[in-house]
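Presented sequentially are two complexes of chain A, the first with chain B as partner and the second with chain C.
The block that comes next holds the complex of A and B.
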């Protein structure tokens, strides 16, 4: 698991508990955070970066970060493997879409019910966690993926056919283009990341970590295992529901083929590559995998063109081969993910040039 | 006198020089290009179909570039620049691809529809870029900017089959009283759409329809087929893609089932023959909305089919012919015809998506795609395309017709 404790640089200290609990400890960090946020929210105004294609990539990354944050809370921090996250995204997406399409609710009144709907469904599928762990619990979540997809396909005609969803509006401002929706996506990403970071520093977060590290010892210390495991499921699926709501209002179309088992597996790969049990790792993992996908997308057709023995479409098949290979390599050579590399870099940088 | 001769010769020389210069400049003027964009899932469950559609439309449009120097109209000539984007069967990537192609000047888009491409409806409507699509997805049926060229909608596959079987049954004197038909369905996403609101239709036709479901990936459909047999089904419709169809055929063969089976258009008979082999598929029926490449060579071919076979030989010499290639060819033909008609009204510089729709695609009347389909006309509230189907049967690895062309039903899933 990624090493999440923070070692402040030499000379930085806290003289109160309140100061010690701050996320941003130094003035330099404050400055960097503010500059980063300003840059993040002004990207649509910067030439070269403001192409619709690039903004769409960032929007997709932002929504995926929210999904993977929830997954990392459950899997990385609490140790409960979930390979059905895409189904919970679907629950939130369809809840929001149906409330908007049939009751005329706006996005702002749909997003919380969407999250809550996913959380309720997640709680139901989290109940087996009281008895199951590891691979057995993973199979339960796999069952959730299949069952929820089946229900959406065969028992709810509206979700089987797909339907239109209104774009997000604030007054007369309609967020129906990438350059406008980008701000919504980044706002939600920043807020959800902040919540996740804070939660992991709080009591429930420490309980999750204790359960992950040794659930028997945690229970011996007085932590209600079932209650906190269920809470982790609820938080994870709430995040999925909010992301699902954002997704359908961004796409302006709700269809169940956007929420497949493949997507669930991609999310698990992202948090593994980024670093289980790390908020920063989640972001690194999402950016890494999305960037790698785009690179393969360019290389694939080139390879197909240059290597005549490759059959038609082989270039696209490279995606599955390479991403799968990357996941295996990370598990073998860097199981703590990119977050661990980042921590090593930070530690080195702080000591540089006095690394010895 | 000398002055007059001098002036005449000078005038003549100037005229010759001006004529030569303008003809040279005209010859040197490059033929403008228009961008046709394709967004296909090169990976994912529908990659086989999508790649064939992409390949067909690209090969046909480049054939026009090569053989005829492009597409000509009264106001000018254009060449086609074909750009393709792999959506990887992901809706967000399909949108990314659309944005990218639009930045590169796309004026018309083509695809083989599925859920990921239905998500593009708002994009192409907002961008005012027409979509020419084989295999109409749900959203494209609702859009005034989408033009179909394959079938009349996924919900009409089983409906048209019921109408055909019922008409044959009536001609035979209605043997057995009530006509009982069966449908064996997989749990793929298109299946609920195919049987959308089917009960009122079945009631209206005065028949009985028994439905069974097999899970995708199963290797045995015997229980379901046995139940259909015990229910007295006279014919069975197979609502499945090719792998599911092969499972059904294997099970039917193992149990010695004699009930005729008909494949839906979600997979062509050619796909099923390729997967299951000629022996297994002997006698298997299927529906086509165009003249298939799997057509028996003994039966002759329309000019369109001959061209398709030539293009296939040229561009895919080492591959087995695939019927869905024609789906792509049809898209290419529709696009080319639309551009040709539009160029009668607007110059190449003014040919954009709106002009193509208004002056081109909306004016297509009785276009038969060189005999590959029945004539296609697009009317203001009807962009379905061909509304005729023909049923075929597999004989020794090829297909032969068992019906004439007949009109399809035109049911539409209500717009949401």
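The block that comes next holds the complex of A and C.
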């Protein structure tokens, strides 16, 4: 059952390369995708699910999915570790926010520049490390996290205090409440997910995988390692920048507190729990960790109240221990993440009742 | 000039401690090519364990040190056993990520048991000060400096002249060869993590004595990483020099440009060194054959 994800349902034959590369292979999958998309975009209309709390969670999850997709392209597909992703989100957020509050650019004109600004900063930090073998990108991205936060703190006077950003508009429609912004967040999440899924079956995507699996062999096959590693990092930071731009227009302000080293590590946790090198896995991981976090936010204060011998701040400690512990357990016991479980489940469903 | 002398002295004092922590970092990198991002949090936990013996249980200074160091060794071994050992054979990426997540867990453990507020101050070293011309050195920092240097020297001699040290250097060269010569790689890795835990804990105690026992101690881990890299990730001697360099840079920059600039400056230096001297000043250049 090693590579069950590669077995299509019975009766589906890929007799040409084009057919084998399709994202959606069967009629059932088409139907399910359409139903899922319709459900996704009608959630704010469904009673019981449309509470602002739940919608805010979903919007946060959507933005985080975009951030983690970029990270998974870099870490999961290209095999480079990035522990400064939230700093690049910050670059996107502040670029977008400053363009909006100083020059009055609308969201639609500054989302791409925000992504590009992140990508340029990412390239600057990436160049020294991607030419080295091994995981030196982890070191430079840690440096990026520290250096960029410091630059933002001292050399962009507005950002330290936070600043006001206009909400997103289309004509006279203003997306300023969770139930309205939800559509924008989900639109971007779906587009970026599709883009990532599509990229991974293109030439660059296959080059990333080749570099991850064996860089010497990849080089021998004519893949320019330096260029593709840097390209993967640029794509990763571009995703971060777009997510940052969305974030700043959703919150309508930005503060350094939202972009810490802890956040960067959380993104890595999410993609590892979800499954490295899997686009669906990224989504599962984000939902799993965000759900877990909400659960601990409920349990933590209760534990602190019930157990008086715990010191002040034990709740936050509990959160860190559980999240870090879950990530370590996944690495040890299920390194392929939730995505692999999902594939096992699909295989079980397809083979049932003859699953042997 | 007076100010300059003062910050240079302070930088060297701290640098020795960064070097000590960086030696632990180098040790783990050499034996298993894992960048141990949790070094700073091992330091934090070790320092807090010491604090519990010294301040909470009110034990004698020497006794609490004697109790802390084996505990720290055990902490290192436990970390290796529980998290790194099951990952043998997995990709390097998962090994490095596990150390990153370990830092979350260790920080969580510390705030779960000791809370997030700074702990009560503990004096470790005798008070007093020495004057060199116009620069005044406190006895505290001199003791810390001396102790850090002594421990580092001991570690280097250990690598060079003992059987175990030799075996460790062998493991750094290649696991299979050493294994075929009858040396247990697993045992060596365990001991390496133990020693790294002790080195980190000693650094934590020395720094805790001067800076106070607080969660911010883990930032030293952030400084030990550039120190280890600039010296060359494979060389303990390089780690010491790197530590002193990083200490100087941090102290001078934060003296003239404000406190917050210190750590970012060391990372800017790290990236510049990476551009021009990708294997650090004392590191081995890897020549790869297919």
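FYI, the second predicted complex is superposed on the first by the 339 of 356 C-alpha atoms of A that agree within 3 Å, B and C clash if a C-alpha of one lies under 4 Å from a C-alpha of the other, contacts with A are read in each partner's own complex, and residues count from 1 in each chain.
Everything that follows uses one rule, which is that a residue touches a chain if its C-beta (ideal position, glycine included) is under 8 Å from a C-beta of that chain, and two chains touch if they have at least 3 such contacts.
It should be emphasised that the depicted structure is a prediction, and the values quoted were computed from it without experimental measurement.
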>> As a test of reading the superposition: which chain, chain B or chain C, is in touch with more residues of chain A?
In response: C
>> One more residue to check, A:323. First (chain B), second (chain C), both or neither?
In response: second
>> Per the contact definition in the header, classify A:256: touching chain B only (first), chain C only (second), both, or neither.
In response: first
>> Just checking: does A:291 make contact with chain B only, chain C only, both, or neither of them? Give me first, second, both or neither.
In response: neither
>> Just checking: does A:153 make contact with chain B only, chain C only, both, or neither of them? Give me first, second, both or neither.
In response: both
> After lining up the shared chain so the two structures overlap, which partner does A:203 touch, if you call chain B first and chain C second: first, second, both or neither?
Replying inline: neither
>> Please report the chain A residues shared by its interface with chain B and its interface with chain C.
In response: 150, 153-154, 312-313, 316-317, 319-320
> Tell me, which parts of chain A touch chain C in their complex?
Replying inline: 75, 79, 81, 83, 125, 127-129, 131-136, 138-140, 142-143, 146-147, 150-151, 153-154, 216, 220, 262, 265, 268-269, 272, 276, 310-314, 316-325, 327-328, 331-332, 335
>> List the residues on chain B that touch chain A in their complex, please.
In response: 42-43, 47, 51, 55, 86, 88-92, 95-96, 99-100, 102-103, 114-116, 118-119, 121-122, 126, 138-139, 187, 189, 192-193, 196, 316, 319, 413, 416
>> Looking at the complex, which residues from chain C come into contact with chain A?
In response: 33, 35, 37, 83, 86-87, 90-94, 96-98, 100-105, 107-117, 222, 225-226, 229, 258, 260-261, 263-264, 267-268, 270-272, 274-275, 278, 286, 288, 290
> Where on chain A is chain B touching in the complex?
Replying inline: 51-53, 56-57, 60, 101, 150, 153-154, 157-158, 160-164, 176, 178, 251-253, 255-258, 293, 297, 300-301, 312-313, 315-317, 319-320
